[in-house]
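In the two assemblies presented below, subunit A is common to both, partnered first by subunit B and then by subunit C.
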Partner chain A sequence: MKRATRLKVVGMLFVLPGLISYFGWTLYPIFYAFLISLYKWNLNPELPSKFVGLANYITMFQDPVAGTAFKNTVLYTVITVPGQMILGFLIAYALNKKIYGQTTLRLLYYLPVVTSWIFVSLIFEYLFSGYGGLVNYIFHTNIQWLSSPSMAMVPIYVLGIWKGIGWSMLIFLAGLQGVPPSLYEAAQIDGANKWNLIRHITIPLLRPTIMFELVMLTIGGFNVFLSVWVMTSGGPMNSTQVVSVYMFQQAFNYFNFGYGSALSVMLFVIVFIIAQIQRRWLKSND
Partner chain B sequence: MIKNKKVNYDVSFVLLKSVGKVVFYTVLIVGAIAMIIPFIYMVSTSLKPMASLFTYPPQIFPTSITFSNYLRMWEVFGIGRYFLNSTIIAVPAVLINIFLSSLTAYGFAKFDFPGKNLFFTILIATLAVPGLLLVIPQFQMVSSVHFLMNNQLTIILTDGIGGIAFNAFFLRGFFEGIAKDIVDAAEIDGCSQFQIYYKIILPQSLPALGTLAIFSFGGIWDDYFWPSLILSSQSKWTLPLGILAFQGEYGVQWNLVFAASIIAMIPTLAIYIVFQKYFVQTISEGGLKM
Partner chain C sequence: MKGNSIRFLLIVSALVLVLSISALSVTTIVFWHAYSETSGEVNLLMKTIIPDFEQLYPNIKVDAQLVPYDTMYQKLIVGVRSGVLPDVARMDIIWVPQFANAGILMPLNEQQFPGFDALKTQFYPGPLSTNFWKGSYYGLPLDTNTQVLCWNAKDFQEAGIQGPPKTMDEFINDIKLLTKKDASGKTIQWGYADGGVDVWNTLPWIYSMGGSILSPGSTTSQGYINSPASVKALQTYAQLYEGGYIAPWSGGPGTFEGLAQGTYAMTISGPWIVSILAGEYPNFKVNFALFPAGSGGSRSVTGGEDIVMFKNTKHPDAAWTFMKYMLSDKVQTEFAQLDQMSAIAHLASNPDYFKTNPYYAIYTQQLETAVARPPVPAYTKIDSILTNLWEAACTSGMPAQAALDSAAQQINQALAQQ
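Moving on, here comes the complex of A and B:
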């Protein structure tokens, strides 16, 4: 065998195990999910699944709980993504200078990121408990955070931002290292103030970092699951329902697999469209 | 006169600057405290006896301390079993995951073969797919094979092959950065392609592999959704399943819940601290760009 041909075969052998598992365990399930969403699906292959066309999607548009779930999921993303990015950027900007205690501070801000969602959700449930909770005590309030429909999303937003600041900070720190200090010096000589420096030098140069964060955090935001699952399970009275939790309940508590799939397909379509728009928008601003 | 004015200006400027510095540090430190208070409260609650759990005002630093909560979670609740289960699943799964991802990434980084660009484009295009979309079809696939249900091996395999697209995309950049002459020299020395991969490429990429190990281990150790669907017998449960079930049953005994949570959190934190050096290095070398 010729060397070039041999190398081609070797290359294919390297990627083969990964590609097979990827096709079987990711790509195939994506199409399978679309298929299931068109059926009144029965998990047991011996019992027939009934083809219902778009009925699951029609149900979804008429289902007020699904409406709440999508609204809450979008709100969660719209609130927590800028929250994480702005705070993460400010902290990264501050910690990018050589200051005393820099490493310790970075480590502290990163701690929530490496802690599991389950345990931080448990802590927040306890912090926000209505009677004798630490949050009520510190702020001298008396709010039944998690059991009042109008307030229950607040602890979920706070947790989402609190947990993500460190990640956002770390990625911005990496980006900031790519900004040459000579640029700042030149602009400072020209009389630019700090805000001008950030606006006209730092932010434009960080465009790829901002794009990466925006897309990743948006995907993460739309997938919010464990914090809601642990703290409220979507209650009280579905006021904190989000798509992932509702999908889980429909599929695995009520065995409405077709409807659950329709919910997840809808979420996927929304995320996909938003990710495309974000990419276009950030690229066109170059 | 002019000279005096300049001095005055300098003094007020320095003053303003140091006031700014104080504000700056205060904000940073208050922020850091907000980051850490929940953890401090968690640890302190786990050390409280039942009686001081419901005192008002709440005690951030408890007046009396006991380790009996940890002991009880270990002896009565049997958290050791869940810990063992989590370890049995996470360790092989991470190894499989990193092995498969690095093989795939190396194939894409160093070789040319028909369909390479197409396959890679497909991998990238599905990076944005939410895991949520995959759960129902994956559950349908697994549940139709009786052997796979209520089996820890299933979790090892599915976690082992999960997330390959992202990992391969992440690692490929690092592999491409490895100097070509090292690889060429090894080839002339008679190394096979696979030998080059595991004797040269892998050792050279330890920071990237370490970073991946953190991501992968964290995700698998903390996963709740998927194992809760597969593992029905309590004796096979992992830590998140066991602790959430306990919390559901004994919700108000937060001291016990947090004692268990802290035991469960230790490995992830330990791994992060061990690999932290690699982690920061990798991220700042720009491994995460789109």
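Moving on, here comes the complex of A and C:
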């Protein structure tokens, strides 16, 4: 065997486990979910499943709750992604300077990222409790946060932002450290002020970092599940319903596996398209 | 000499044969349950009930597997798909029609399972009804419970009310009398509180006021959930809620704590309220009363667990023997000492049954007329529909009639899809 061929074979062998797992655990389930979405699917393999074509997709467009779920999911992403990025950037910028207790502060800001979603969701439920909750106490308000349809998304947004800041900060910190200090020095000599430095040096050089965060956080935002599941389960009156929770309820609580799969396929398509647009945008700006 | 050793060999091989045959004839059945470890139920099952059973039936071994309640449902769903299921399980009553409809439960009848008919007649109708789906029984009630009115005597005394309300009118009146505000107009005590408005919480209101959720054969909800009586129930509740007499469902202290602290004068609960409050509020005594009677009488909701057999069991006879044993007076009385009330009506006349829990008397009385949540596969969907609309009527001013008309239409759609 030629050396080149041998290297190729060896290389293939190295990526093979990863590929197998990718096909088995990612591509195959996506394809299978699409198949299920075309059926009135019976959980029991011994009972027949009925082919219904696109009926589940048609139901989805007529279902007002699905509409609310998609709307809330998009809103969650639109609100929490910039929230996490802007706050994450500001903190990273501050912590990039030599300040006292820098390591401790970085660790503290990162802490929410590694805590369990379920645990912090429960804590947020207490913080936003309508009667004797800390948030109402601090702001001297009397808002029934989680039981009023117009306010219930707020604690979910706040939790989403709070929990993601640490990750965003860490990625920005890595990006900031890649900006050569000589550029700042040169600009300062040319008379640039602090804002000019950020506007014309930091942000342009952080573009790849910003794009990476944008794509990752958007995907994460569309997949919001645990915080909603624990705090409201989509209630009150479906006002906090999001796609992943609704999909789970349809499939696993109501046994509408076909409809649940249709919702998941739709979510996949939307996230895929958005990620592609973001990627193109990133390339065109390079 | 030679003859002796041949005889000896023969005897030994005969013995080995007999032993191995008897060993082979021991069947093992797998039993999934979510009994509580903290309350001593698991201990009772593993240390007393199963050893006693195995002694009584040496040919049957029971492999009891603890599957926590939250995981049980997921495990059953995976089981439907993969076929990996136990022989027998203790299952929440609201899941039985759903899994019967999924085709994994064994229909029980007298021909295949002798003694079934006699056993069936022993149970209260409410708990038994949760096993019936499309003409067959798919299980039997293993334990049951219901909710009764729990009230705080101190709050009643302060308001100058003699005793718990007996009728719906008294109830509504008392709820108002027992609500208190401080000088600034902030509510500091509510007449009634409940953890939410799921069917579990609202069914006693609907049925006691003469309403219902589904038709007797569970085929339609049109004309039942939106009947004048059902609408009246929601109207009454919503007016009390909007008026601030019923505490907000979330955000306040838990209903049990609130009752013990006196923040809530009344709530409804199952018998577990006693053991839960005993630890934290040892000096507080829960007072019980039947749910107040309206034009439908005093009707509460049935909870609990059924015991079911799975269709793919290889040992239906052994499984049935075990099920019958679990439903025997002896086992039922033993579990009753740990807050697992029995659904067998005649146990109410057995003094042993009330030995450790005197408050069972009122629960037993309430059970006689208790109603099960709609025993249909679409129950979880129905629950979510009704909860959402009940909330809408209480918080966003949706008229009760409109809310329940919409509920009837959506529930019928859910029934058609199941």
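In this text, the second predicted complex is superposed on the first by the 268 of 286 C-alpha atoms of A that agree within 3 Å, B and C clash if a C-alpha of one lies under 4 Å from a C-alpha of the other, contacts with A are read in each partner's own complex, and residues count from 1 in each chain.
Operating definition for what follows: contacts are C-beta pairs under 8 Å (C-beta built on N, C-alpha and C of every residue); 3 or more make two chains touch, one makes a residue touch a chain.
As the structure is a computational prediction, the values presented were derived from the model and not from experiment.
If you put the two complexes together on subunit A, you find that subunit B and subunit C bump into each other. Shared-chain residue A:Glu46: touches subunit C; no touch with subunit B. Once chain A of one complex is fitted onto chain A of the other, the partner contacts of A:Asn238 are limited to subunit C, with no touch recorded for subunit B. Once the two complexes are overlaid on the shared chain, A:Val15 sits against subunit B while remaining clear of subunit C. Contacts of A:Ser147 after superposition on the shared chain: subunit C is touched, whereas subunit B is not. In the superposition on chain A, A:Gly133 makes contact with both subunit B and subunit C. In the superposition on chain A, A:Ile123 contacts subunit B only, with no contact to subunit C. In the superposition on chain A, A:Met85 makes contact with neither subunit B nor subunit C. By the document's definition of touching, of the two partners only subunit C reaches A:Asn256; subunit B does not.
Between subunit B and subunit C, B touches the greater number of residues of subunit A. Overlap of the subunit B and subunit C contact sets on subunit A: residues 43, 45, 132-133, 252. Subunit B meets subunit A in the complex at residues 24, 28-29, 31-32, 34-39, 41-42, 45, 54-58, 60, 100-101, 103-104, 106-108, 110-114, 116, 119, 122-123, 126, 128-141, 143-144, 158, 161-162, 164-165, 168, 193, 197, 214, 218, 221-222, 224-225, 229, 240, 243-244, 247, 254, 257-258, 261, 264-265, 268-269, 272, 280, 283-284, 286, 288-290. Considering their complex, residues 42-47, 129-133, 144-149, 235-238, 249, 252-256 of subunit A touch subunit C.
Listing the residues of subunit A that touch subunit B in their complex gives 7-15, 17-19, 21-22, 25-30, 32-33, 36, 41, 43, 45, 87, 91, 94-95, 105, 108-109, 111-112, 114-120, 122-124, 126-127, 132-134, 137, 162, 165-166, 170-171, 173-174, 177-178, 208-209, 211-212, 215, 219, 222-223, 225-226, 229-230, 243-244, 247-248, 251-252, 257, 260-261, 264-265, 267-268, 271-272, 275.
Contacts from subunit C toward subunit A in the complex involve residues 73-74, 77, 80-81, 83, 98, 102-104, 248-253, 377-378, 380-381, 384, 387-388, 391-392, 395-396, 414, 417.
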